[in-house]
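Each chain carries a letter (A, B, C, D, E, F, G and H) given by its place in the written order, and its residues are counted from 1.
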Amino acid sequence: MPEVFRFPKSLKKTLFHYCPGCHHSIIHRLLCEVIDELGIRERTIGLASIGCSCFLYFYIDVDILEAPHGRSCSVGTGIKRARPDLVVFTYQGDGDFAAIGLGDSLHAASRGENITAIMINNTVYGMTGGQVSPTTLLFQKTTTTPYGRDPKKEGYPLKVAEILAGFEGVAFCARGAVNTPQRVLEAKKLLRRAFEIQLRGLGFSYLEFLSACPINWKMDPISATRYVDKLAETFPIKVFKDQLSEGKNEA
Amino acid sequence: MPEVFRFPKSLKKTLFHYCPGCHHSIIHRLLCEVIDELGIRERTIGLASIGCSCFLYFYIDVDILEAPHGRSCSVGTGIKRARPDLVVFTYQGDGDFAAIGLGDSLHAASRGENITAIMINNTVYGMTGGQVSPTTLLFQKTTTTPYGRDPKKEGYPLKVAEILAGFEGVAFCARGAVNTPQRVLEAKKLLRRAFEIQLRGLGFSYLEFLSACPINWKMDPISATRYVDKLAETFPIKVFKDQLSEGKNEA
Amino acid sequence: MKKIKILEERCKGCGLCIEFCPKKVLGFSEKRNLQGYRVVGFYAKEKCNACGICFLMCPELVFVSEE
Amino acid sequence: MKKIKILEERCKGCGLCIEFCPKKVLGFSEKRNLQGYRVVGFYAKEKCNACGICFLMCPELVFVSEE
Amino acid sequence: MMAKKVLVKGVEAIALGALEGGCQCYFGYPITPQNEIPEIMAIELPKRGGVFLQAESETSAINMVLGASAVGARVMTSSSSPGISLMSEGFSYLIALELPCVVVNVMRGGPGLGGIEASQGDYFQAVKAPGHGDGRFLVLAPYSCSEAYQLTAKAFELADKYRNPVMILSDAILGQMKEPLLLKSLKIKTYPKEDWALTGAMGRPSRVIKSLFLDSKELAERNLRLKRKYRAMEKEIRYEAIFSGEERVIAVAFGSIARICKEAVLNLREKGYEVGFFRPITLFPFPGKALLNMAERSLGKVSLVVFELNCGQMIEDVKLSLCGKAEAISRYYPPSILPFPEDIEKELKKCLKSSGFPKV
Amino acid sequence: MMAKKVLVKGVEAIALGALEGGCQCYFGYPITPQNEIPEIMAIELPKRGGVFLQAESETSAINMVLGASAVGARVMTSSSSPGISLMSEGFSYLIALELPCVVVNVMRGGPGLGGIEASQGDYFQAVKAPGHGDGRFLVLAPYSCSEAYQLTAKAFELADKYRNPVMILSDAILGQMKEPLLLKSLKIKTYPKEDWALTGAMGRPSRVIKSLFLDSKELAERNLRLKRKYRAMEKEIRYEAIFSGEERVIAVAFGSIARICKEAVLNLREKGYEVGFFRPITLFPFPGKALLNMAERSLGKVSLVVFELNCGQMIEDVKLSLCGKAEAISRYYPPSILPFPEDIEKELKKCLKSSGFPKV
Amino acid sequence: MRLEVILSGFGGQGILFAGNLLALCGMYQRYQVTFLPVYGPEMRGGTCHCTVILSDKEIASPLVLEPGYLILLNLPSFIKFMPRLKKGGLALVNSDLVKKEEITNFEELIKGKRVIFLPMNTLAEEVGAPQALNMCALGAFNGCLEIFSESTFKKALKEMLFPSKAHLFESNLKAYQRGFQEVKKIVKD
Amino acid sequence: MRLEVILSGFGGQGILFAGNLLALCGMYQRYQVTFLPVYGPEMRGGTCHCTVILSDKEIASPLVLEPGYLILLNLPSFIKFMPRLKKGGLALVNSDLVKKEEITNFEELIKGKRVIFLPMNTLAEEVGAPQALNMCALGAFNGCLEIFSESTFKKALKEMLFPSKAHLFESNLKAYQRGFQEVKKIVKD
């Protein structure tokens, strides 16, 4: 049993602006718990990217910079290169990280930038009203695939973790979810590991979370949360790479 | 023995502007031979990208459009979507395809755009004077890695074919070279196969050629040509995926 | 055993806590908070085993310990 | 047997043909073309077996068949 | 078909106008406040055998537009301020390659991420520097749903006519506001493209569309040709004016704030104030001659008050038009503070007074 | 250390100036004609404990700049026209976030890929619309290697002083030309950044640097604050003038063509012609008052002839400055046709004549 | 005739739907209309409002400084918009979420203005359509003014729900009618 | 003193190196100097040229319409620049690649101008430095004008070759000297 019922120190008391049942804020809480436990709040810079989570700074009590849409990994690169002593994480949506930002994200990963990138994969562009994203499931209806995602037209779901796992610069690569209590506990461990990897200077740590977007999936919160299991069929929940557990200890 | 000593019909008589010993023009010739043999000259659109090969239109006698740096796959997408009856190929450098264009290239591939993308991997930015590229070998000196490519700083060589092979939208993915007569012959077969895949509408066909850049490698043409073997240690010459040979016949 | 406090003003009525509570001790009350949502309350607080699942699943950090 | 013509004005003197010719019948001549390069010529044309390797390797399409 | 009256948003009117204008392909990337455009196109284009594709970014969207245009399709994209910035390089190429297309910018507050409320902060970018180099767009600024519908349809014709991108410059208010729209069919001309488009070198020499000019004379010539084209576009100049010659103060504005100004001007005129109204509809080419004309036809000294939702941009074009022959005053409202008609009335009255003009 | 004299290209002078200005980080992407800048930085910065990184594109380069600037580093990027366009979105964010940095644009011919010879086609983009919204850069235009060295170093100071990007606007000729440069050490001020930079929330409340403003008043306030800042920048206005009051015609030009004009003007003056010379060094803020002043101090009627390597851009700022008090004539040379001093002399003589001025 | 209304409430309360529907009814009733939604930045939740104008003359400005009517579904809206209500104007307020007691300067805010309190949430729940409190409000609004007929309302509602929400027609109509009737009682009083 | 020179040839002939070196020599000789390279677009090969000005006064324009001197290493350069040579100006021409017979309007082109032909490629090959024909040309140029001393040349050459091409110093120097001597023979004649 983890320590529960405690409001993390790094989490501000502000009410979340997210829709009822949105998983973003569960992940915020976990992130804050990990920041607290690792004692890095005072030397961490968070990157709020453009998406439903762009108000990250209303909630997480660390220094936060707003990055242009898709550019968090490049902005993070600039920060970390200038100040290697700081801890840097990005918090991005699937549209942000893997659509407009794919180039920035993959290059930062390939260079092995010593930052932690968190991608919240809800298979749609939440903030702009539920358009298709590279991670939209096949045949899923969105506002810009009104007839369902057709592999002949929009291609296939992009499997970011699977790509990154093959990069030499990537030290940690995993996919989690927060749609069951067990997975929430597991998710926190993954987060912790991602930061530990960064603290040891091992390279790029990537963490993807499957996440419910009830509003754009047009589901009630409970069904949406259950539906994350369906996402996991296309996007398996798994640790793809963990150089720390593979014995690499210091950069 | 292939038919040799014949100036391809699709190749213009203009002298090449390339440096002595540059492999670009060998690949141009092969491309023209394949276009001739498939009889597609009159319905092919070539995309000249920004790099040493930006003057493609001086040499190859098909309709050619100049694409902004890195955007050939997006431009090609626009063409093919508007006119699916046309045959579309891009001709790009490693900088063009895999640095600035990585997002465009990977997304087009992931969507399974039915076009043929050719990437000439000479591990540097030839046209601008030999700067580091995502495919520069480890410890290789370039004008912007004067102390050699350091994996801690510039990361690891990006293996494009290896990434693309894992994409469902990609129907053909191979890496060749033209630094020996045998490989030249093989290269032509790969080119032919890439276009055949497109003609059958099977999806994205990707073909990478390791290519010598004597001037920026600061080698004489013969040493540079031999040195391509060294590149092949990092970038294995291989057919990664061929859905036609795997039995997929019609889209 | 922990005393659990429900921060009603944070609740958005998503129902995840109710769904996942193994003891089925949670439910919507009649009360509406300032955000306009029906808020969660204990049906049978005594049966709660403080397992923390509601805390884990609640997106709004509604459940906090009383101390 | 094919007659091979050398389009001297195209040659850039890279030497790849010379290097790869299995019969070693090619070499640089004294002549300089308008581009300023020493051009390639046959040392011993009779030994050439028309294998086509020079054509395959020449980046400049210097070697063409005479017909 | 009988013309149907519908209640639509400005952005919906734009989408419907594009369909009426014969748009065949749409490539774009979502951004508020214009997402209804791609959403409508996603539904409608496939029904008509057209192409809708959501690109992975604005950069790739504009390059897809470039490709489709080069092979002769009627093609468009739409975005809002930050997304438009990302298209700058592509814009410059489209202009240089002389490729027609329609670009919609539903402006939002800037700079940076800014806000999604109304703004006219991209005026300079639209009319002076859509990208690097000397390229220009033909820029149309509707101020109502009907005009958005008509101008967007017309934009496809103009783009083809001049082989140049045409921009519809709208803003969050115009885009999100609903008004009745009479869906009448318009006569939009088409122009043959066989003489320049890339269609495969069948029965003709192969063609190249490129913007790299080795020979310096060629590059200069391309630039001068474009410049001549921009002059020729002056034929397309449009504006709306409420003016009799008696006015002492004229409100100049485009887009959403023009509506607010018009309301104020009409109110004031009703009350007997000598105020006029001028609304540029083409922002480039700018209706400068018409403005100058107005200033010169004025019976007394006249002041032009330029109202804008930014920090003062169009004021420069107004000043440049007037050649010092009348006074131009800038009243700007940076995003997202919107004036009400009452505010504008106050400003106009102030100007009437401060210029020493007799009160009514 | 004794000041050393070296023969360097303009772009090398820029790189050396950046090092003198305390540049700590460089992020950029290769593009002709400015590749010497990253190449020098790649050698020199690591030696000094600084950071050099070639980004995978201009878009990512400017965002790396953004990151490094936010944590307090002196940081720069450099590019040329198409690459600058790709940075537009980033520029707008940098301005909105009030982050200092130095951006070098060594302009080449446009639009599109254009050519790599000299051009001043990005003037409008640099001074009016580096990105969407109302943002502005402080723009410095050197015209020699020494000036490039000094202004680049100074740019770092000004960027920090105003918390705003500063652009060095150069061109292919200035960039590629070599001249002797005296490498003297300069006094470049630094400004404390602890009060705004993100350094980790140690011993203080956490900080946010953002440009999204929910509250519309906040966004307007940010815009007005920026506008005030631009006004404050007028303190930095620089220009060079050759003027006595007797002139009938004044050549106005910046950057490379200013050199050619200066040669022509000096030649003509030697021959007794009444021609003057005005060279804006800050392009934004524009030295408009100085120009107006000159026009007003002229003893007779004076014409200003604006020479530019584009299709006519700075002419607008000159006209706006003059408020109709003197005539401004545009003589433009689109890329890549460069006039020789002889051509400029001819033009100036023509203007002297056509204005009906007495011949010497 | 010129009617200027601002509707305001939480994101989830269907403010924009109601405003849009009002404008559509106006259009069917042959008025010139504008409907201007204003919402927070690209985000979910939060307060949102919209402005609807109905007029028998051309409407230039879609913005209204001092509207003649307000429909206010939550407390922040009440506080934000009451000061802008025209003297003598009418505000329809959701008493389920706006409690006089919680507003310090309540009397000052309503001075010279007409305010009608109705428990919109409760009414909507009572007709079994808890989501349709916006329709209740619209019904109440039309109950006060009778600008459009019920058949116009039905036509407009049908169009707006078509096709994906067609099944909500009956419940929405009921909520509308309930609001209409309820306000009649008060107005009659 | 003001000296305006245009050097022109193929990309591979070391035109820019020679022009740069000339300017550096000028600087060491305490002149004001500018060196302006002009080359094709981002590409390899092709013709390239540069302009060098040496003056004892400030140099404003680095561009020269009618240079007093030309150094022309290939045929296209000869055809392009001869018409721009000042009346009475001097052109140094590489006779290995520029053949009078191949130029139709040869006489017209050289009218009123001094032209010196030297086989630069051959001379360079003769001293065993075939790549250094540019140094030959520079030697010949200085042979005509003697603007800088050989020690200045050595200093400048050393600097320009440092560090990666330092080993080429001797062969370049020899080529320079050979050009210098060779032209002396002609000029003496």
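Here is the rule we go by: a residue touches a chain if its C-beta (ideal position, glycine included) is under 8 Å from a C-beta of that chain, and two chains touch if they have at least 3 such contacts.
Just so it is clear, the model here is predicted, and its values are computed rather than measured.
Engineer: Chains shared as neighbours by chain A and chain D?
Structural biologist: Neighbours common to chain A and chain D are B.
Engineer: Across the interfaces B-E and F-H, which one involves more C-beta pairs in contact?
Structural biologist: More C-beta contacts join the chains of B-E.
Engineer: Per the centroid of Cα atoms for each chain, what is the distance between chain A and chain E, given in Å?
Structural biologist: Taking the mean C-alpha position of each chain, the two centres sit 39 Å apart.
Engineer: Where the CA atoms of chain A average out and where those of chain H average out, how many Å apart are those spots?
Structural biologist: 62
Engineer: Centroid from C-alpha atoms only, then distance chain C to chain H, rounded to Å. What do you get?
Structural biologist: 87
Engineer: Can you tell me which residues of chain C touch two or more of the remaining chains?
Structural biologist: 35
Engineer: Which residue numbers or ranges of chain F touch two or more of the other chains?
Structural biologist: Correct list: 32, 53, 56-57, 59, 82, 89, 93, 97, 112-113, 115, 117, 210-212, 214, 338.
Engineer: Touching at least two other chains at once: which residues of chain B meet that condition?
Structural biologist: 18-19, 22, 54, 66, 68, 99-100, 102-104, 107, 127-128, 134, 153-154, in rising order.
Engineer: Inside the complex, what are the residues of chain A that reach chain B?
Structural biologist: Those residues of chain A that touch chain B are 99-104, 106-107, 110-113, 134, 151-156, 158-159, 162-163, 166-169, 251.
Engineer: For the complex, give me every residue of chain C touching chain A.
Structural biologist: 2, 4, 9-10, 12-16, 19-20, 35, 37, 50-53, 55-61, 63-65
Engineer: Can you name the residues of chain F that touch chain B in the complex?
Structural biologist: 29-32, 35, 38-39, 42-43, 46, 52-54, 56-58, 82, 112-113
Engineer: Using the touch rule from the top, collect the residues of chain C that touch chain G in their complex.
Structural biologist: For this pair, the touching residues of chain C are 32, 34-36.
Engineer: Give every residue of chain G touching chain E within the complex, in rising order.
Structural biologist: Touching chain E from chain G are residues 20, 23-24, 27, 32-38, 41-42, 59-65.
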